[in-house]
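Pasting the structures in now, so scroll down.
Shared chain: subunit A. Partners: subunit B in the first complex, subunit C in the second.
Our next item is the complex of A and B:
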């Protein structure tokens, strides 16, 4: 009896255990489904709350885009970074602007005259601020004085230096009122030059030259450009909301003079992220209209059968040597050994693999115009062919000249981005393999790297330069001995002389000859090791047309875009 | 009553026989017993073999697989394991001006497709394309795709664009893999828009290597031994290569040295310190104990990762130097209190045991008591803590390397390898999977082993059996 009941009990227990297990499993399943549903609901709720919209909203004639970072502030007299440049390019306009073919076109000025001594700009009558008041010549004078005021400490003040007395004003030697720019009347702006300049018209499209209205600036009490309502707009769009760290919204500016060219009513900047995978997923989900591609997600993009575009953004990247006294890299033979020991083609095609990059050959990228044709076609860049034996000979000569038994490790400073990480590790191995040189990699965040570059705390630095205006001088004066962006402190009187010629000569042949000479000096003196010219491969939404990528000015420019 | 006759024999002593109270099994020491228990635990035993295997992988591996972990094999970047590695020897790359070369006779069946043709045999070194003028063209754009593009579909990656009719050739060198590509050339109108006239070409690319590269990679003794057209095998990479063509197996071994070094040295040091500290506190007792233990509470309250990072930064690691020493130091400074508390608790308990009192009565001094009686009795606990501390330390190292606070390149560690692998997770997952697998297996093995050791060493478990 006892035995049977026991067995039955066990069977009952087993049955109940199985039932319990099944019940438990069911409960878990229901719980999971409920959780998923709840999360999905929550996600859709927050999505609507933050105003996330589809990439293309044809009903409202709006598109959604993303930015890599949030602009630190939008005061055009102080802005330095590219992201601010993009936003300012949409909401502001200078005396001149770049049109959809990338050529200079009238902006706030409808007519202008430039000669060796100065320039006169006539503002158009329908040039208005977003509050309906006219843009006057005073607004430009005030903005330029602000840009140069030592108290404002604008890092881009130097770009105003072609104006008479600008440098002295910036250094505090003259009051701002002595600046050689004045408003003849409400609509006429007269500029005197410090010395003759051949490309002043191109400079006036740059953001530091944008106008600022004085009484509005004063009224913001130091918060100018910090918020959407702390800024006045004279461009095709105006900033109607700016949720810091989250989103920006740009709406058509009804007071803009050239209404005919704006075809979008709204641009939502709904995402701020620099992660390439996030951006690709946003694009895939039709949340943004454009994204760039990296080497890693290129295959993915090809599989999606997207239409891929390519754009050379004009930035050049190079290894810059430290030419300060006491540094080993001051030795010409060492520099020559290093440039001979590497091959930019291998770096670009096999290592970084980023679509769009071109192997670096010169300080002057390929897009620059010469006289009727590209500068680089008329003055082909001399290059070194990789030659390990010759490199080792130069290294031996350098060793004897420096009186060293063996080379101590060299410090290679770089920023902490995925591409520069790959690049530095590649160079570390190349110089070790071909020259037996030890390289120590010093990875720093952007600001820290800049600080170390300025103080000269490096032997080599992975540096890059993007154009400020469409003239070879934006690259050429980089290695002038007085330029603060010459972080390696390269100093060569002959090079300086050529820069002076290019700065003040008015005729193109003389200037181009000077640039060709700079290109030759950079090559022969091995001031830098050119790495690559940056290009981007990107994809755009098939219904959005007219998205512009620019070399100078706002890259990317949606002001000409439309929905099809 | 029967007479019992006693003989003299009855008064002989009995022969010595075995004791009736013989011990049934041989006497076992504490450690022998623990070993038997551990052996009975198959999970723990398997983990032990894994740990031994890892030790061999780290120490003996580099002697067997003698590949330099920082050697970059740029012909085999991001190769998955088991990829084909035959290559044909070709001449070094020379710039090309578009003129037809000697191999113009290469008129394959596909190379006659439309106006686009190959100027030379397509190789991983370069693909040289030329095309005949297209109708209504003012310029050309060249695309490369992985698939044949149907009518109206995307043509792939734009490689080249020219607003001139004079240049009708292009050399592609970008990241060529030994596979089939589909090239298309399209005509552009004067505004740079597509006109719709497209010529496509299927290009099977073959893997090549130059004799100089082969010599530099150590495939042959001397480049002179090779003649053009020879077929050679590239370097073998059993687990594939990373984003710079470095051998993943060699890097995993080198990474294991860093990871296991930190994983074992750091716990050894902080537990040794913790034992001394805890024993001192427990033995001294009273206000000294209070003071010592409150200080250890203070250390426990420090946020661990934040202080790890702060200590690393404050230790002034020079750029390019590996941060292993500061990392170990930081771990020792922050991790000892757990061991100290444990040992102090044990000592407090043991101090009151009878045999301690006996030993004291027999004249045992403090150092003798601690070293002879107390610490040996806590060894089991210490060993278990140690085995659990190892995976934690490995994990901490991996985490710090993952966020870039660890070793400096080119020294690999498992964590930094994961950090690099995650960027290419979608295209070449093996670069992430292998280091991640090693971290997981190591951490799991040490944890299971620790579990088994605790079961085996804990004296209280014996009566439960």
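Our next item is the complex of A and C:
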């Protein structure tokens, strides 16, 4: 009896306690709502909301996009990265620009004349800054001096080197005033060349060549390009707001000269994240107009029956040998054995399986123009076919030449990205299987990989290169003996001679012949093992047309996009 | 009480000093070159960059300069975002992480107490079993999985309904915060639930509860004043570190939901060897953690008068 009553008491207690708990839960809920209301108020004070606008906002003639990263800064004289390049490409304009068909077109300059000694640019009368003042020749001279001033420590200073005295200025041997660029008058810019250059017009579209107004630059006191109001704009759009890490708003620049070509009124960058799945989800939710696809989410995209586009972004990837003396990889037969023992096709189609990639064949990617047609069509790249027997013969010769009993393990330096992990494992496997060579993988974070590449602490390294300007020389001079980016220190007087020809010859046939010769030397000397040319698969919103992908300049470019 | 607080704060300062020192030397011994970039630097430019960041000085001099600036509350200029001061980065992005964190803690703390008490009440019955199953999932599944799942669910719901119920990602309104903070707080909530449950069960059988019952106190009063209040103590203890962990550990959630919080800068700075940002965020978070622990200890004395603060 006592026991049952106890149980009944327990049940009553539980009921009562549960009621208390429910009351407590209600209080919790009310508290949470109050807290969120407070936070909402707080947030609305500190930042603008993102994601309020849909991908396509036809009423306001606006689109919403995302960026993978926050632009580190928007000082065109010092910017180096792709994300800053995208933003700068929309809000700034150089003397020339790339138009909606990817052709070089007049920008701030309405006409120009380039010869062996130099160039003259005439600025258009309606070239204006976003505050309504004219863009003058002085603005270009100041920007270029700034880009070269060693105090400014611009990493892209080298791209200005074709200008007379630029390299000397950059190394502190001459004052910036000695730079061979001067404003003849407000609207005439005269440039002297260090040596003849055939592609200076293309360089003027590059961001380091963009103008900067001196008086404005000085007024920012070292914060130029750090915020939306710390920058002047002369491009199709201007930056109206920039909430770091969160959003940027680009509005049509009413002072831009070529209004007729610009059809959008606003581009919202509402999201900044490098997570590819987030991008895909935002695209599915109709919050952004474009997203790239990775191998993992490609199938997902296929299930949606989206129209998938492909774009070769001009980046090439390869195994670079260390050619420094004392390294085994300096031996030609060893390098030849290794290139014969692998197959880029196998790597791309069976191993990495990344959508859009093409097997690497040459230092010069397929997009490059030759003379009336693609360079690679006119000068097909010589390639090796995988041949294990021949590879072993070369390895044996290398062993005898080097006087070794057996090969010690070779160090393969790589970064720690998922794609390079797969790649290194592929090479480790094929070199072991086909040549019996042991490969020691040295996986490092980005900065440490670069440090080791520079100091030469590797036998092989997984490397890559993207173009700075639309000319084969941006790839070709990579293996010139004086190039600091030639981290394997390949050195060949004949190759250097061809680079010099390509640098200073003015006629296309001579230059293309020089590039073809470089391609042949790289192949025969086995300077590198080409892996792949990078391509990207992407999807766009069906109502937005005219989104451009570019190999050089802003990629992706929404400048000429419109809503249908 | 006051003497105790001052003493703890002073101890905290010493702790922060040690955190700063250890981080400084550990960071400088990490292999890699903070100035390395895709494009090779000429000697002259490299020298200028080194001078700009004081890298041309001997390490001990750099340390001295760092301490001097630290005393003035100045962390210097970021390496990757060359025009931004580290102080500005913290000032602009910490409130975002804090907002997310406060909401996550609110979810975790209140939810944990609620579910924990509920499972204790219904021990070994269906609600208990179901909740404890969820708790095991909550503790063992990492937050990036919940983040990805949560986002996927939002896409599906928005897609099915044809309008945006809650935003998939982004930041700015409370609607943006809801799912990320829930995801962020989930692990802690699960942990607190388990803690609360065992603590409740321990107390149900204790002498003072039996005394209260035998005195004939109303069940509701026993529950709130004797059981809950005593059972909540261990929860408060872990809340301090949990707050710090949540506000600093939001990196993945911030990434997935495109939230401009400090967590992103904290992690990316290490990957990019951005010395000034590493120091700034570490010292800041270190001080924050130490401060939260002190606050919780003081709270402890307020909740449980038996604890003497000396």
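Points worth noting:
One rule holds for everything that comes next: the second predicted complex is superposed on the first by the 512 of 564 C-alpha atoms of A that agree within 3 Å, B and C clash if a C-alpha of one lies under 4 Å from a C-alpha of the other, contacts with A are read in each partner's own complex, and residues count from 1 in each chain.
As a working rule, a residue touches a chain if its C-beta (ideal position, glycine included) is under 8 Å from a C-beta of that chain, and two chains touch if they have at least 3 such contacts.
On a predicted model such as this, the values are computed, not experimentally measured, just so you know.
In the superposition on chain A, A:226 contacts subunit C only, with no contact to subunit B. By the touch criterion defined above, A:425 lies against subunit B but remains apart from subunit C after alignment on the C-alpha atoms of chain A.
Applying the stated contact rule after C-alpha superposition, one finds that A:491 touches neither subunit B nor subunit C.
Once chain A of one complex is fitted onto chain A of the other, the partner contacts of A:481 are absent, as it touches neither subunit B nor subunit C. When the shared chain is aligned, subunit C comes close enough to touch A:78, but subunit B does not. By the touch criterion defined above, A:272 reaches subunit C but does not reach subunit B. Of the two partner chains placed by superposition, only subunit C is touched by A:40; subunit B is not. Comparing subunit B with subunit C, the partner in contact with more residues of subunit A is C. Across the two superposed structures, the residue set of subunit A contacted by subunit B and also by subunit C is 277.
The touching residues of subunit A, when paired with subunit B in their complex, are 277, 295-300, 302-303, 305-310, 345-346, 348-351, 353, 355, 409, 411-413, 416, 418, 421-422, 424-426, 428-429, 432-433, 439-443, 537. Contact residues of subunit B toward subunit A in the complex are 70-72, 74, 77, 93, 145-147, 153-159, 161, 173-176, 216, 243-244, 318-321, 404, 408-410, 420, 423-424, 426-427.
Subunit C meets subunit A in the complex at residues 31-34, 36-42, 44-45, 48-49, 52, 80-84, 89, 92-93, 95-96, 99, 102-103, 106-107, 110-111, 113-114, 117-118, 121-122, 148, 151-152, 154-155, 158-159, 164, 167-174, 176-178, 218-220, 222-224, 227-228, 255-261, 264-265, 271-273. Taken in their complex, subunit A has these residues touching subunit C: 12-14, 16-21, 24-25, 28, 31-32, 35-37, 39-40, 42-44, 46-52, 66, 70, 72-73, 75, 78, 80, 150-151, 153-158, 170-172, 222-226, 230, 243-246, 270-275, 277-278, 281-282, 284-285, 287, 444-448, 450-451, 454, 483-485, 487.
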